[in-house]
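As structure tokens, the structure follows; a few thoughts come after it.
Order as written gives the chain letters A, B, C and D; numbering starts at 1 within each chain.
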């Protein structure tokens, strides 16, 4: 897939070799243009504007099904609002031990759900498995008031480790969830990257596999601040709109978020930017793997690389100006590092990083 | 003050004669340009970017004092986060019966504060008075666990009725608050409009009068989605940053909110847009007052008019395409309506409205 | 009705002339005996014991209808658990401005409901009226996310001012509630006193009038610590049992609360103790009314007297050792005081109080 | 230690061979007598009575230090109130994976703390170790708003597996807690049983080892419904009293809970009942261990036995009327069962159980 001409390195005069996260990059020109265009005119506020109105149709078309789609401005808000809508205060949410909702949201799901419990489950490559979910569920007695009642399984697609659940893996998890009458939530902060990897339609990657609600991320892949909570069954929406308002997440000028989302999915832009990020990531991973002493830790299936690098290489890279996170402390002379690429990471940054790493 | 050339009616091809709220209008070209410019480069996320870093200094300079200023994206978030930081779960927040926090935020302050109580107080023109606060406080016994403990007084500046507290009124309220060891919060969703009216510096209208925290609004006056919570004493910040994160209000690409706020206050742009709105409002009010049977209900001191209009006039206006809210049901042949003007309300919309009203 | 022989003044060697509240008195011998008897044997815990099992049948028989009745140990817990079950976080609860839930529970309803809003309404003698409820509802737009959504009307029977709603008053309020799809909750902390006044059956005073849920009080009328939340329609119970557990209100040795409630209603004991308190209160009120300068403020219909007494009388009474609360500060030479009598207030305490008051 | 004469099997005519939990037994005669005695007279309500007043002194004497001790009526309330006082909403509480607060309280700590996170840690015999705590803490970055901030370590003494932390083990955990500025909470639902095992004074088992707050249990060991939250440093009490009220846990007739606690500790009664339970448990364990195919799973140090029993034995016991919980499903022909004994478990029930088990 061709690299969109508009996303050239000319846009990025500073912050070179920044591989800390995809959210360190700005926004695509098309989305910026859409935001600017959206400023014209007086329109009803709080989401009653035409742009937000159209978004519903756009998302329904995208997912080949009538969906309820609500724009919000952070992934944490999307997750916490979706989860608290699906899970009562006395409920439990099963997720991976390294899930963003468990580790990186400062208890937002617990806050929004009024004290629901996150049950964390270990799993290779950031993935839950049906067996691990079944095992975790054994600790909860259904209908016994002493125990939080499992209500939701939440999986991250792509995962926090840059892997991607196969459709089969998702549908098997969905089957376990259904069997136990749990809802299946997908944290899709990097949903576009996963979709590109899978080569599937949005429908084929979500509700057709049994996903009930999706945190549809756009920010990491080129928006300024735009996510959507997507419910595939309107019965699940329940009091979502009140929760969003009560959380301070109903924007008066909602058109500016809706405009981002519309521009994001229009003309498959979201897939193009994700494809670009994934391809660049794969190229980088293949080169890294050939470096002496380097080892790729997890399958590179989206836009993140977890690699063990010799400490000397790590030191040299940092000295050269590269930014990235150590994921585990150094052990046996090498360190597990995380490298995340985005829609806008310059090719030459990757080249330069590899050059330094090689020598 | 001259009308900024950039804010011409050409920008607003639709939604004519929309006086429902100032948040029905888009954003100023300067703020849009700042957002677009902010997209360049890779910068640290979650508010560690240079733009957000500079915002602290900008706001401190603006308020002639070192302040802690936190960007958020809605007024409800600003209010709920500020109030819950200042008020414990067992606390009470005293506010006007028609305050936005009491009426229009679906219990967001109660949610964020984990069940604090809003004590609503009547008052002419949307204003609290020291006496009314004293009276309300009599119902609470300090240190008695059965009663919510008054912790904060919240006033709105400009008020929900388009009036503006005089500096003296604010400082007298602050004196009562201090006497009872309450914090004073100011909901400044339309702070710029109030400031223009007062002809005072930001410092002279806030902390110098005894205000402890300010919800500094920008959205209604030309930003896309940008407010700031400003604490004048850093000791009051306490766990605000955790609360913001837990509420899902810490944006990964915070630069896009900070850019709006910076562009908003730069070159006194915020005062210019507010001055434009206030002046247009005053003109409209003066003309309306001369219409047979019309009566201005509250002093017009900012960008809103509350007027009793003959029902026939109301009917004619709506038929002519004007949009505005009835504030009270029709009584004795006339209706109390609310008309809100903004930085971008076209002059000709006002003219046309008056034309229809007159005949 | 005869005064139960067991409730003699011999039990009360200290704290004479205590009219501060009915909860300053201990417990009836029958309830104490029931608690002691309940200690025998090993039984299932957490409410699965036989005594708690029978309580359901007992309460259903008492209310002439199958009800769901849950023992708890405080009135605040009963109210907060009942209200939070009936009202969503984005809901509003309409109640009298002086209601216990609004004034004396430190925001427990707000805490348990996760931030619902209490809407307080003024009303003579501690009573809500249909008109006042209708008026309050005008401020809320149904289905508009900006506003808390009215969900429950809560009335207190007997009221905080010692008055008792007539059946007609309750059914008119219920009609308004039903019309607006609100649930009707009755805070029956002094339900027995009200029932004695009304001379009605429990059914005729509650669900037959349209009451959906009742906080059935026993503590003030002779129990140690026992209330019950009674739902008249099992569909309203929803997640009550989880809420009770999550609030720490599910006792492991629940039998000790159930035993109190069973002994309380057995042989009409609750009506006898309430009748005794009401009769003594009436006698006291009639005598007080004849004192020079004294005035009974509200109809004395249960076990509380609100009376304006000359300040000299108040002073003399306190000097003589009487305890009671000033309800309003002294004005025009007299003070509004509250006198509450209980199942166990000694007759001679009343006599002595009147003696001192008269001279 | 002699078995108190008052605790004879004559009191327990039903529910024989109930080993499900210590809370299936009633209450000691002394505590029942104290409750009955406490009913006399009119005293101030809501904890301002003399009995509650004296309790503070009693507990301070018991712990050889001025403590703040608050009566509540369930262990879940004690834990949730204590933990939410010590841990902010954005905090994390570290505890054992099988801790009562994590498994059996339906998220009460999360509810009371407004969404704090429970971090569960595995550990042999129900015990946390300093190393495991250190390991868990590595996942949290101090001062980083994305992560819940560890604030409290909670240990259970005696543990959920009938083991008892040695003083050294507690002080080592306290050292880790202090090093990381965490508070140390002890869930002492079976504190008396632990103390008897340790042969230490209350002070030597708590604050002298670094414990900051204790849930002091009495219910399982002979009270009706009485626990106390004990803070060893008054600075830690903060807003506890408001939290208790807001949770509906401030009893109007608090004297009835205080009377239980006073009678409980008076004349070392609590130690005598615990000693009786522990001794009987030890006797039972020793006999069980000699049964063919039986194996004691954890050191029997308090009043609970976890034993693997041949499935045939389990079946025979149940057929014979014994009640107890399976703790793990049957595997390899035997089942892990839990047997809990109490202050009032009849000796002959143990004998009968052993008889059946043997043959």
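The working rule: a contact is a pair of C-beta atoms (placed from the backbone, for glycine too) under 8 Å apart; a residue touches a chain by one contact, two chains touch by 3 or more.
Bear in mind the structure is a predicted one, so any value in this text is a computation, not a measurement.
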Hop across touching chains from subunit B and tell me the fewest hops that reach subunit D.
-> 1
Based on the averaged CA atom positions, which chain is farthest from subunit A?
-> C
Subunit A and subunit B have mean C-alpha positions lying a whole-number Å distance apart equal to 34
In whole angstrom, how far does the Cα centroid of subunit A sit from the Cα centroid of subunit C?
-> 52
With chain centres taken as the means of their Cα atoms, state the distance from subunit A to subunit D in Å.
-> 43
Quick one: which residues in subunit A touch 2 or more of the other chains?
-> 89-90, 105-108, 111-112, 114-115, 145-146, 242, 245-246, 250
Chain contact topology (line, ring, star, complete or other) | complete
Can you check the complex and tell me which residues of subunit C touch subunit A?
-> 46, 88-90, 114-115, 145-146, 149, 239, 241-246, 250
Provide the residue numbers of subunit A that touch subunit D in the complex, in ascending order.
-> 89-90, 92, 103-108, 110-118, 139, 145-148
Touching subunit C in the complex: which residues of subunit D?
-> 11-16, 18, 20-21, 23-27, 32, 35-36, 38-45, 72-78, 80-81, 105-108, 111-112, 219-220, 224-225, 242, 245-253, 255-257, 344-345
